[in-house]
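Order of writing sets the chain letters: A, B, C and D. Residues in each chain are counted from 1.
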Amino acid sequence: MSSSDIFIGETIGTAILILLGGGVCAAVTLKASKARNAGWLAITFGWGFAVLTAVYTSAPLSGAHLNPAVTLAIAIKDGDWKNVPVYFAGQVLGAMIGAALVWVAYYGQFHAHLTDREIVGGPGAQDTAVKAVEAQEKGAGPVLGVFSTGPEVRVAWQNVATEIIGTVVLVLAVLTQGLNDKGNGLGTLGALVTALVVVSIGLSLGGPTGYAINPARDLGPRIVHALLPLPNKGGSDWGYAWVPVVGPLIGGAIAAGIYNVAFA
Amino acid sequence: MSSSDIFIGETIGTAILILLGGGVCAAVTLKASKARNAGWLAITFGWGFAVLTAVYTSAPLSGAHLNPAVTLAIAIKDGDWKNVPVYFAGQVLGAMIGAALVWVAYYGQFHAHLTDREIVGGPGAQDTAVKAVEAQEKGAGPVLGVFSTGPEVRVAWQNVATEIIGTVVLVLAVLTQGLNDKGNGLGTLGALVTALVVVSIGLSLGGPTGYAINPARDLGPRIVHALLPLPNKGGSDWGYAWVPVVGPLIGGAIAAGIYNVAFA
Amino acid sequence: MSSSDIFIGETIGTAILILLGGGVCAAVTLKASKARNAGWLAITFGWGFAVLTAVYTSAPLSGAHLNPAVTLAIAIKDGDWKNVPVYFAGQVLGAMIGAALVWVAYYGQFHAHLTDREIVGGPGAQDTAVKAVEAQEKGAGPVLGVFSTGPEVRVAWQNVATEIIGTVVLVLAVLTQGLNDKGNGLGTLGALVTALVVVSIGLSLGGPTGYAINPARDLGPRIVHALLPLPNKGGSDWGYAWVPVVGPLIGGAIAAGIYNVAFA
Amino acid sequence: MSSSDIFIGETIGTAILILLGGGVCAAVTLKASKARNAGWLAITFGWGFAVLTAVYTSAPLSGAHLNPAVTLAIAIKDGDWKNVPVYFAGQVLGAMIGAALVWVAYYGQFHAHLTDREIVGGPGAQDTAVKAVEAQEKGAGPVLGVFSTGPEVRVAWQNVATEIIGTVVLVLAVLTQGLNDKGNGLGTLGALVTALVVVSIGLSLGGPTGYAINPARDLGPRIVHALLPLPNKGGSDWGYAWVPVVGPLIGGAIAAGIYNVAFA
């Protein structure tokens, strides 16, 4: 694979991943969406099939890492760091493009949601501070959730641990794919299994932090959230931004270590 | 593939697609259905597995395009326009047959739904204009939704953009299937992936417009809706009919362009 | 395949099919079940994966018809009627065994459901006729629904038509499996597709009649319902019993005809 | 496969199985989880995809039994008992590790749930005995349910029978995998089918007892529940602990017998 194929593949693939992954959050969360309140199962299958679509589409170009934690783990496993920066660059750029496309596809829904007086505080909310807090909770919080993850219980060690554990599971499944496929061209089946593993992680380990398990998935859209001209959007919660970057990278490294010790 | 195989395959396949796709909308929407209020997840899995069933059944005859946007993209990719009119004709005819079969299978449900006084306006609705609007919202709107798509926020540029984005994702996945399969006869697996990609698009990009992503899927059933002798059925919303035709065709062309530049 | 392998395979396979298919109806319907009110999506995935489990397990012995409509269609397609009675006998026997196993697995739930005074009429229900009707609606109706199908709108021509349409879709997908597999040993994938086709038919065409699409699936358990010593169980609705037998058989024959004309 | 590969594979695989399986119970049950009240479908798909992830990851090392009932059945089928103790040891150890990891990943959720005064009895609950019973029902019962199974109707013969029936279905599907795969390297597809069979058993036979169908899955986490320093956690229901051990072992033996008589 050439560097340009890797960069283009990772950019297209991660853009599709975040378009569909952020899209399902918008679909289930925002006002004036047919999928509103479709529930956690819709979120988790939506993200899983986003992985399937993204991996399937970009695999012929770049091998479909789409996740710096996967790229890191494969570099550790193979001892080959040459293309790592190209992968990272495509992943972050793609994630930003995907987040911007969610904004286009749900343009009217974002504006209906954020400008709804009932959501942002209501006519009776005289006090500005209270109004701001209510807006965060009712309108802006869900909108940030379309872009980036956040914890239910904000305790740094647990949030990092949960992201580490989820990423170890994901990356172990990705690394063992080579052992299961035995070179008989079943890459498509591998993409399907990876997608269902992501559904599994979402259902089983997504409750506490919303399962970023991918630094690019969280950081790229958070940057876009900070840049977009959305009314009443509130802050981008930069204080939490390091957790879904550091946790998954540690998880990827641990998974590579387990692989090298137990499976290689 | 002979022209007659293509025509028969596309007619059968698109008929099954719309029978099952329109069917799940009827099942979830109409009164006196066991599946009533089964939710958005049922709608999206229903349409996805409709694609699976339709593709699997018609692929041996016509290759299972079942969508003018797919036919257009493959023609652009291959530079071969010979059978395009045959594909289009089978797709629109099949979509009309499928919509008519939904009417047969849910005959009692359509009539129970549209003649229910509680739905069409109620005994207290004296004023004809108000009654008509309420009927549209309560009874006729959902019935049209069994046949064709409509937007939650009616803004033409966004509606077209959302349909374009969804169709680009669909068609890119269809076009890269050839790169993933590597000629080892895994067409069945390709059909399954395509089906799950459609579930993904439904979950993630269906919120604003109901994801037509297929001109025949929307236009054929809309014609049937206009022709069927349903009581209180209301209008067929022809003012919107161009969006789910033009948007997907543009999306198919863009996807073919991306494919030719990045993947070919 | 020997006659005894066919008989044993169809008996085991159809027993598993009805154990799991009837089981999900019991799980979602009866009191004192953890899955109570899990909804239509649970029912349809439950029946679909019941087909997967049953087909996968019995295919090595009998080819896994598990459905007289499938056996009829294959006999018409191949012009070979030799083993048809063996298939039919195994299917009906297996369906009866499966229904009895549901009764064992949910023994406490059936009794909790049928003897709950709140369900069967309540302490205030003095009038016996009213009490009987209420029992049918509240307690006995759902219990019969664990065994056999029944229509939401009881109009014979529509009920038969809906069962025909659903069975045509099912059997066409089964018959085209041979064209899709191309002899490369992907029977497992065919079983998976068939299972998801059944989910599709359930989601899309199950609303009016509960999608028997299989004479043995409906008749065998109805006989068991009539025989079992369940308190307050009400009648077995024999007046409807011909519909889910005749409709699917007609549907199987039509699908075989379509196959022979268009695909052979 | 060497003994150490078997032990490591079963430990890793069963740890992933229980991490994800217990995880989905925590996600759906506990306070301060994004997945709270996601429902029975989430539970059953969560456990099924937990099986997929665990089997896929551990199969290259140990063949991925992950269940003493499967190990027992394969030993009976093959007449080879050499590695049975190694399998059992890895399975129980892995299950305990997995349960401990659920505790880490959901640490804040466990504590939020068990120390919530509204859940454990409320400020008005003066009487200690009443308070203890309410705590069991509202707070401690669901927490034990994250670790181990329990029946809805506590009747030993039915609970054992339900576990036997479910395990027979599971193990028959596992044993026939060899007949379906025909040595063409489709182990990945076998893992997927096994996962969906587990979803099926959950949907269809999980209502009465919560479908342990695996002695290690129930016993290992129950030991961890007894050891963990959780506040207000209540008892570990040791009186029921024999049922999900004995039932599945009997079921595995019966399935092996059916296989040897009908399929071998």
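Heads up, the rule we're going with is that a contact is a pair of C-beta atoms (placed from the backbone, for glycine too) under 8 Å apart; a residue touches a chain by one contact, two chains touch by 3 or more.
Since the model is a prediction, treat every value here as computed from it, not as a measurement.
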item	value
Partner chains that chain A and chain B have in common	none
Least hop count linking chain A to chain C through chains in contact	2
Same-site or different-site touching of chain C by its copy chain D, using the half cut	different
Label of the chain whose CA centroid is most distant from the centroid of chain A	C
Geometric centre distance via CA averages, chain D-chain B, whole Å	41
Centroid distance [mean C-alpha coordinates] between chain D and chain A, Å	29
Overlap residues in chain A, where contacts from two or more other chains coincide	39, 41, 184, 186, 189, 192
Chain-level touch network, classified as line, ring, star, complete or other	ring
Which pairs of chains touch, using the document's own definition	A-B, A-D, B-C, C-D
Chain D partner contacts - residues on chain C that touch it in the complex	8-9, 12, 16, 19-24, 26-27, 30, 32-36, 38-39, 41-42, 45-46, 49-50, 52-53, 56-57, 59-61, 101, 104-109, 112, 184-189, 191-192, 195
Interface residues, chain B side, partner chain A - complex	39-41, 44, 152-153, 155, 158, 161-162, 165-166, 169, 172-173, 176-177, 179-182, 184, 186, 189-190, 192-193, 196-197, 199-201, 203-208, 210, 258, 262-263
